[in-house]
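Could you have a look at this structure, given as structure tokens, before my questions?
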């Protein structure tokens, strides 16, 4: 599934790392997006030369449910813990304990508070993600009208950051002066709930021109609602989605364009960053660099953030080229 | 012996045990077609158990059972019904949420179009049945809240509507008034004429002798004898039922009376009882007699503070007692042995010791913690005095026999050293041996100066134990009789007398409780 | 006929007149040590010990003080709430709103702290919120007399909804570090969380209340039969009311713990915890019909689920297995006793059938027939 | 004061209920409060936001309640027998995922076959509940709490990270929740059919009435000879089948089905039945009431959104509604009981 890992035939990592172990703790198991990320992570971990790779995590994405998994990993003496935090603070104390027991902490996908981790592997520059979504939306609604945002959980770190940038951009950029953001709603990354929130939006705001959903579950559910309702083609939809999930809605015209990075790269880079931390090649300080397999060298930016790559825009033209 | 027709139903040597208790050791009865057959015996003789075996509800542990000459073995109630046996149980088995009509026809509702239940047909048939029984009950009201008498009538309607070969009636008349009983008899006789066999259970000998062709006597779970009614006397039947001299069973010692311990004046609760006034003195045993459903238990519960009352006062030793507060009653020196020991008297899963000390739990505690040693000692004292037979104080009471359970209930109340004791059916369903022990105890307690109010449905017990008898009828005290005045006739008359009058006569002079809502459409809803 | 019965009960004085002839000389039951060692609670405790032994031997790194620490911190909320829940279920009622009270308390803490109140005030007010929530349940169940299952499904939604109203989608995290570290600190090298002292106190209070006080005796009576309890002077409504207040209070304590342990106050904290608590309590031997159960059994039940949970995570076995194991244990724990009692009833009946005379042996009497 | 004086035992019984009595019967209906609440809610919302009753609005309302209606009807059956089934959410999840799996692995499989398969799976899971409850004679609350966990665990184990999306299923299947007949989406029509069939069964057939008798007094039912175990088993089985139907329709209606589908639905469903006037201790209530309860609870969410009420208030309002329903029910019961006690009483 990971385009990047497949075509490179990457080199196996250093031989001396086989006693190192890495564990991925996603927000929630059994989530398709997560599965793609973890697929990349496992490939990366193998190439980077970890002796043992594990994936553990809660079945429900709640703030505190990740803590006991971190605890168990601490006790198991895992060398690198890679985590996508459901809540930036709730996992903090547990991660501190893991660190003091010698583990290196890599946050990916969704950050923890910066003091609890060594590096954060970010999809893309947060602002870029925000900008591309508002840009796509503006194009589709002709630069004016009411829009709404349908997000994941109200506390999701990454979504909230993007939303913040979107709001700032709407205020500051004169191109978007005629666009008003009327409301933000939350589908909790639950298909049913997102579906009904989408429905409610359209009823409550009859003049709504478009919806931005910066979450894969939300955009798919909204697309499904729009495609089966009278609003199909009338209300624009964009955001971040998985090509495989969105394909039918792009084909039937419900959605004309949406964006995403390659999720597999996220896991892939996280594994290499973990290896570099464990080996002591980097400390997570700004300016540190490490080799991320076939993706080449990566640099740790301000606040310990590593950027993976630019987002891709998917349209009916290119969507068939991707399989994730 | 003349050749006889095949019995429609014949049961021989049926036995049934519940855990350690043998409820029925030799249940035997034969019912001929076109006969009304009485089954008599003391409380706990095993009559209802036998009925439940006929009904297929209990499977006998032993015995031989034939219907229409064919051996049968019922595994479920449905089997028995299918074999043409229709049963009225002693305790009403109505479904409170269903309508009256539906209660009658559950499981065999008349069907109308499309094979669906036809409510109209059901209503019509129910009305026809009630007409036959000469009563008016709205078939469309729910059964919840019906009086015991109405419930009983519905049970009867249900049973006769089955057109069964055998009709079994376990104390159907216990809650009925004279008119209703007469109606029931008319119906029973017509069923007999149509060739059905009827098994009739009653504690009222006048009914048994008026209605039945033959009488089977049971005692202590065993078949004793069967008589042709016209060839036997009440005396003989009673001797066979009791099997011993009454005097020996009721060792009454008249005690010297002391001060008034309990004074009840003008107690009333709308719709349940009214104008209840009486006194009980130290050393006195006052019996509260009456038919089942007369409201005796309700009065006792109100006195003890379990149920509320609207009017009147209760005084213990001259001090007025707060209503609706059993703890206050206990503190004032009252004790109450309730009628249903399984549900009201005991916590079946707790040990004998914990049960016996339950009433003392507050006084056994020091700094809020129960002193386990003191608890055990308190429990042991009374269970030993009453000779409760148990392997250990730590056994759950559910493992004891009924008689021993009743002794634990008595123990737990006597442990509070009460001045006034209410006994509601103190010997219901316990064996004769324990029964006489309980009677001796009652005498001893009265002798020691305790005031006792005893509710009993057993006339011999009432007559044998009481210094004074209060008879209740339809929620009022209809007679107060001295020990000398109290005979089976005077008590029964007071318990039923006014029911023999017509409704209007009963009503004259009855004041309406003030502030009572008059429900609209009552004549439609009720009889 | 009567001989065959009475020979079995030689010590009874009046066998010939006795309907309730006892077949066996004495009722069966267990006394003293046997009663304690073979009871339902004891079985739970054995199961717990057996599992701990297994985990120590076969699950790498399980046998370490670190386990005690993490395990302790994990089970605290369930352990706390299980205490009042045990008492409530013993009286035959239920409280489904506990997890929502945790959420409401947490939300209240977040908002008040965020508004700049001193932490002492925040804690007191949050605790009061829990108490009021419990009293509200208690009022509806005990005073108005509504079915607790329905009431607490309603307040489950209501309290969680109020939590949302209070804090919305915010999360408050910046609680005083001294406090949050205290909540995860351990007692020296033992690995036992410091806060466990408080939990033990709560457990002891409820254990004593249930097993050693007049109030507790009354609760068993109440759970077995409301009537039986009323007759011995138990104030039914009052007892139930205070139990729900207790439940609200302890749920609030759990909410405070939750918020400070994870240093995160949110409206969705502990959502779904009610079923976990109830499952643990039932597993601990409390009968859903009331009247049966004990605090030691429940503690063993909570710890058993907690330990299995932790061991599975340590062995990196998916939570999927945990869910299935929890469900299966729960079913076995209620089905097994009923199978045992069915078997023993069947054996008892068979014995009775053998010991009772058969009808054919006694010969049917020939009652007179009307001429 | 009572009917006693007018008790001429042989007075002719009247022919049928008077109009006044009929009105009284209507007023005593347990479904009345929920119906009034629903009408009031819809009216108020419509006046504030006419879009609420646009054709799309109505369609959405109906679609939203469809799944819960079916589940509430099944739950009502079980509750009426004085039991409860907490495992319905997990059953729905398993069936929904197996529906997705069927479409994905057997291309071209007819929709009817999938529906039947879903019902069969639901029946199996419901039968397991029913067997455990009736054979082992243990409380349904405990058993179904156990199977809630087990079924959910099985679904998680089976599905893992796999999810099936709308695109994996034939268009005709998705169209079930899009196409309308007379303004009613097809899946809603299926739900209404289910309500009608079960309602007729409960009102018009003997086994249906037996369920009420059992819930009203289980001991009396046994004494009376009703096959209690068989009927209760049947109620659990039927509930399983209905949860199965709901699971299949869920897959038609929503975008994705996977490991977590149906989580947390159980209490909503019980709440819907309770709000609809089904007594939690059995014996009374109707499936139509339960369906109305389901509609009310799902509509309230949409209505509050349409009214732009802060979404944070929604859940609290749902809680208040549930409490109001049981309190109203209680008040009615107490009043009836008092009336009956006084009217039935002897002249004291």
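Each chain gets a letter, A, B, C and D, in the order it is written, and its residues are counted from 1.
Please note the rule applied: a contact is a pair of C-beta atoms (placed from the backbone, for glycine too) under 8 Å apart; a residue touches a chain by one contact, two chains touch by 3 or more.
Bear in mind that the values here come from a model prediction, so they are computed numbers and not experimental data.
Asks: Count the touching C-beta pairs: is B-C or A-C ahead?
Replies: Pair with the higher count of C-beta contacts: B-C.
Asks: Among all chains, whose Cα centre is located farthest from the one for chain C?
Replies: It is A.
Asks: Can you give the whole-Å distance between the Cα centres of chain A and chain D?
Replies: About 39 Å, centre to centre.
Asks: Based only on mean CA positions, could you tell me how far chain A sits from chain B in angstrom?
Replies: 74
Asks: Which residues does chain C have that touch at least 2 chains other than itself?
Replies: Residues 168-169, 272, 318-320, 323.
Asks: Tell me, which residues of chain D touch at least two other chains?
Replies: In chain D, residues 156 touch at least two other chains, as defined above.
Asks: For this structure, give each pair of chains that are touching.
Replies: All touching pairs, sorted by chain label, are A-C, A-D, B-C, B-D, C-D.
Asks: Under the definition above, what is the set of chain D residues touching chain A in their complex?
Replies: Contact set of chain D toward chain A: 49, 51-52, 55-57, 59-60, 64, 156, 159-163, 165-167, 174, 177-178, 254-256, 258-261, 263, 301-302, 305-308, 311.
Asks: How about chain B: which of its residues touch chain C in the complex?
Replies: Interface residues on the chain B side: 1-2, 4, 10, 12-15, 17, 19-23, 25-26, 28, 30, 32, 35, 44-46, 61-64, 213-214, 216, 220-223, 225-228, 243-244, 304, 306, 325-327, 329-330, 336, 338, 340, 343-350, 354, 358-359, 361-362, 364-365, 368-370, 372, 389-392, 394-396, 399-403, 412, 430-434.
Asks: Quick one: which bits of chain C touch chain D in the complex? Just the residue numbers, please.
Replies: Spelled out, the residues of chain C in touch with chain D are 96, 140, 144-147, 149-151, 153-162, 164-165, 168-169, 272, 275, 278-279, 282, 288-289, 318-324, 326-328, 330-331, 334-335, 338-339.
Asks: In their shared complex, at which residues does chain A touch chain D?
Replies: It is residues 29-32, 34-35, 59-60, 185, 190-192, 195-197, 199-204, 206, 217, 220-221, 223-224, 228-231, 244-245, 247-248 of chain A that touch chain D.
Asks: Touching chain B in the complex: which residues of chain D?
Replies: Spelled out, the residues of chain D in touch with chain B are 1-7, 9-14, 16-18, 20-21, 24-25, 200, 203-206, 209-210, 212-213, 215-217, 219-227, 279, 283-284, 336-348.
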